[in-house]
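Next come two complexes built around chain A: one with chain B, the other with chain C.
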Partner chain A sequence: MKVKDIVHLLDLTVYSGEQGLDREVTGGYVSDLLSDVMGRADTGQLWVTLQTHKNVMAIASLKDLSAVLLVNKQKPDANTAEQSNEEGIPILGTTMGAFEVTGKLYELIR
Partner chain B sequence: MNRYRADLHVHTVLSPCGDLAMSPSKIIEVAAHKGIDILGITDHNSTKHGSLVKKMAEKEGIFVLRGAEVTTREEIHCLAFFESDEQLDVFQKYLDTFLGDIWNIPEKFGYQVVVDEEEVIVEHVDKLLVSAIHQSINEVEKQVHQLGGLFIPAHIDRPFHSLISQLGFVPEDLNADALELSRHSTREDILRRFPGLKSFAFIQSSDAHHLAQMGTRTTIFEIERPCFEEIRMALAGEKGRKVHLE
Partner chain C sequence: MHHEYNIVGGDFTRAGYASSQVKKILRNLDVDTAIIKRTVIAAYEAEVNIVAHAYNGIITLDIDADSIRIVLDDMGPGIEDIEQAMQEGYSTASDKVREMGFGAGMGLSNIKRNADELRINSEVGRGTQVEIVMYR
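For the complex of A and B:
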């Protein structure tokens, strides 16, 4: 499943990194501790978080994640969105909380 | 230059997790006993005990750096210090504005009290001071520096509530006056993990919540005399002023 399919099925907002919407999503990871994501997330996963700092994109890029999904109406900081555009890794958004959106994601990509 | 021992991260009874014995007079008594020359008063998201401790500590020849330990939106703890009453007032208003509406439950989190010189309680703070303020680390850093304060991310080595736990690594554009290490780490340890940090000044402090923890880690300042500007210069490595871990 591609990032754009998930955007469509879950009615997500695309904040930045549109050129990466064709990336393949191989799984998911949910965490707000960036140190934890750095250690445990895997290539191709979609990362669910409420953190919006620029370091989010540095780690998404380092781990070659497929996209970042911000929950609870969080929006990326300006320089975070900028880096997402440079890296081509989309930042998505939802009004749902992490529990709800993760449940739906799990059904889609397990 | 003269050599001064500093413990720049000490909580008082105002912090919910601060032991009730952490009254201004007891803190000063223990600081004097442990040979601490410079004391940082850093309650969670509040500056309200700094001035009283400073005034009382002057009689003992202890210099107090007044500030707070701010919890940013990312749940990163950062120390902020200010020189003047006016700066502290503005920063206190900033904290009051952005602290969320989460109420303290004293039985669960501990009491949050402001006392006077005689240890009489003059205020119970209602909002839970350990919760996060609605400002990012970048916004807090800007506010502190706009006011002329010092901005020091706290215990960056800790696996929770630290710059590194929350953001994975120290952002390269972070404008910090120093980085603080907890009592569980050393400068060598952190530089082994993050060699890029060697250009930063480091301090190490006790983060004392109990009297017995005070002074368990200290920072040495080589400065002319203990005052805000000399401490700032030492952190910046200006005019022969130096800072190193004890």
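For the complex of A and C:
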């Protein structure tokens, strides 16, 4: 399943990195601890978090994640969105909390 | 092949830049993907440690046919008890750093788990040297 399919099915906002909407999503990882994501997330996964600062994109890029999904109406910082555009890794948003949106994601991509 | 990167303590907007350069170089050399993944995790955690704890530092990358060697030298407070610092969950990070999702005490154990060799030397009040070696 592609990032754009998930955006459509879960009615997500696309904040940045539109050119990466065709990336393939191979799974998901949910965490707000950056070292946890660094150590345990894997290539192609969609990262669900409430962290909005620029280091999120450094990790998404280093780990070759497919996209970042911000929960609870969080929006990316300006320099975070900028790096997302440069890397072509989309930042998405939802009004849902992590529990709810992760449940829906799991049904879609498990 | 030798590369050097300067790291500025406290500048989180640049954290991960050196590690992303390391990743690019290893990719261009067609290093095995699994080794790149482990190297990137170890390099990033060690780079963030300089940003979070030290005043400044230098990262050197040396690659030969058999190994990838990353040495991170910082001027900073040093580590009083390395064994304690290695314990998962132990951290001396500030509240500000923790709010960003860093400082969960997972960094050094991430490095240890992914590096083929890890050496840490530290002098309190002077700085810390972390040496990471990966076998190709």
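Assume the second predicted complex is superposed on the first by the 110 of 110 C-alpha atoms of A that agree within 3 Å, B and C clash if a C-alpha of one lies under 4 Å from a C-alpha of the other, contacts with A are read in each partner's own complex, and residues count from 1 in each chain.
Please note the rule applied: contacts are C-beta pairs under 8 Å (C-beta built on N, C-alpha and C of every residue); 3 or more make two chains touch, one makes a residue touch a chain.
These numbers were taken from a predicted model, which means no experiment stands behind them.
Q: After the chain A overlay, clash or fit between chain B and chain C?
A: clash
Q: Looking only at contacts as defined up top, I'd like to know whether chain B or chain C touches more of chain A.
A: C
Q: Quick check on the superposed pair: does A:Asn55 touch chain B, chain C, both, or neither? Answer first, second, both or neither.
A: So A:Asn55 meets both chain B and chain C here.
Q: Considering only touches as defined above, state whether A:Met38 meets chain B (first), chain C (second), both or neither.
A: In the superposition, A:Met38 contacts both chain B and chain C.
Q: With the two structures laid over each other on chain A, which partner does A:Leu9 touch: chain B (first), chain C (second), both, or neither?
A: Neither partner.
Q: If we overlay the two complexes on their shared chain A, which of chain B and chain C does A:Ala78 touch? Say first, second, both or neither.
A: neither
Q: Just one of 44-52, 98-106, 116-124 or 152-160 in chain B hits chain C in the overlay; which is it?
A: Residues of chain B that clash with chain C lie in 152-160.
Q: Is there a shared patch on chain A that both chain B and chain C touch, and which residues make it up?
A: Residues 32-35, 38, 51, 53-55, 58-59, which sit in both footprints.
Q: Touching residues of chain A toward chain C in the complex: what are they?
A: Its residues touching chain C are 32-36, 38-39, 43, 49, 51, 53-55, 58-59, 61-63, 79.
Q: Across the complex, what residues on chain A touch chain B?
A: For chain A paired with chain B, touching residues are 32-35, 37-38, 51-55, 58-59, 77.
Q: Can you list the residues on chain C that touch chain A in the complex?
A: On the chain C side, the touching residues are 12-13, 15-17, 19-20, 23, 37, 40-41, 44-45, 48, 100-102, 104, 106-107, 110, 113-114.
Q: State the interface residues of chain B toward chain A in the complex, per the touch definition above.
A: Result: residues 74, 136-138, 159-160, 164-169, 171 of chain B touch chain A.
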